[in-house]
């Protein structure tokens, strides 16, 4: 399945792009996608404890199941947040 | 001694004036003045439990001693106050 | 920064007054004229102040707030005269390095002002008028009292409400 | 009522949006750019948002506030792009029949926004730049953290701070 992945803030800056399309195995979870991304760029590994993920503009957990054409946003720590 | 007495709000409206000069015995306290005023107009008796007094723009108690030329403001319950 | 005014209050201007590169937060409070109070349909509010003392009380409130919170600046303005529905009668702006301080101090300032500022409010409602909080105003109303207020029947035929007699022979406020 | 904007925020306009004859109180909060943070001299702040989700989060925050307090209206606006010193990056306005509700709900809204809104802040300071709260930002700063923040020596000779390395080969934000 195809996902539209969006990058913001420090992640966008380090990757040098605002987003991309990523092919993922059907049935993949958010955690699976993060593992895939961490293999490609160490910023995802580095941010593993602090990065949150939103699917279709809603925060989700790692076990959230992804669907074709989902908009997946990688959310590094936000401007004002202390807890995450 | 001579006092400048100021009226506001419902007291000003009932008395029909913003203030007046009042002659008072030397050594009189705020409570003495209030007794004098209550003899002249029943609004002061009526408001005995709720009227506050400021002398020279500071809230004072009944036993505060007055001095010649003091500015004495009769303060009926204020717009927002619940406690008094 | 501390004033009694007769014109509409500009919240923009007040924020500019307390704004500073040292401040990370500005909290403001505006008290506005509500259309109904204790079931009465309010037509307008009329405020009267003892201006010199009111300004002095504003200064004291701000000074006390500064002893409790780390603040950058405080501005307090109250309008007098007739304030039409929906317009602000009082405005407070507090700036501080951090948001919690600004918000808590702003809350403190408006609560204090309502307690101590020598300012009186006359409510002109459908069927009458009453000095809020005063002798003739049955349950010592304030902005927070509506929830527990009683409803009183009043004279819709004109004139003054039964629970708030005002002698028409007496002059009205000219402020 | 809920927006991400690129222009300066008008607090006057925001107050007009939430103002109503049903409201007796309007509480507002403005977050402004401070000149110093953790001992660093800040030159400017730059904000980036995920605008569609940010607006959706603003709506959720307001809806939650309405379940807790009796409110008339809520407006939340965040600015993106470069915000010069002293100017507002975020503004919240809450109107309610009574003042306590307006103030408490306003406080709740800004606290919630800081937690959840997908908005990022890059601080440009003398000697470097850093994404606030991020991986490279040593102690997860926010507007309330300065009091307990550590001071880090940083590179005044130019370039980037030692504690906030940014690869110059990477593109900078254009928002």
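Letters A, B, C and D name the chains as they come in the text, with residue numbers starting at 1 for each one.
Heads up, the rule we're going with is that a residue touches a chain if its C-beta (ideal position, glycine included) is under 8 Å from a C-beta of that chain, and two chains touch if they have at least 3 such contacts.
Since we're looking at a predicted model, the values are computed, not measured.
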From subunit B, how many touching-chain steps at minimum until you land on subunit D?
2
Supply the minimal count of touching-chain steps required to go from subunit B to subunit C.
1
The distance between the C-alpha centres of subunit C and subunit D, rounded to whole Å, is 29
Cα-centroid distance, subunit A relative to subunit D, in whole angstrom:
23
How many angstrom lie between the CA centroids of subunit A and subunit C, rounded to a whole number?
50
Between subunit A and subunit B, the Cα-mean centres are separated in Å by 71
Sites on subunit C at which at least two other chains make contact:
143-144
Touching subunit D in the complex, subunit A uses residues 6, 8-10, 12-14, 16, 43, 46-47, 50, 54, 57, 59, 73, 75-83
Within the complex, which stretch of subunit C touches subunit D?
10-12, 15, 19-36, 85-86, 88, 95, 97-100, 102-103, 106-107, 110, 143-144, 146-147
Going by the contact rule set out above, which residues of subunit D touch subunit A in the complex?
47-50, 52-53, 56, 113-122, 131-137, 140, 142-145, 166-167, 170-173
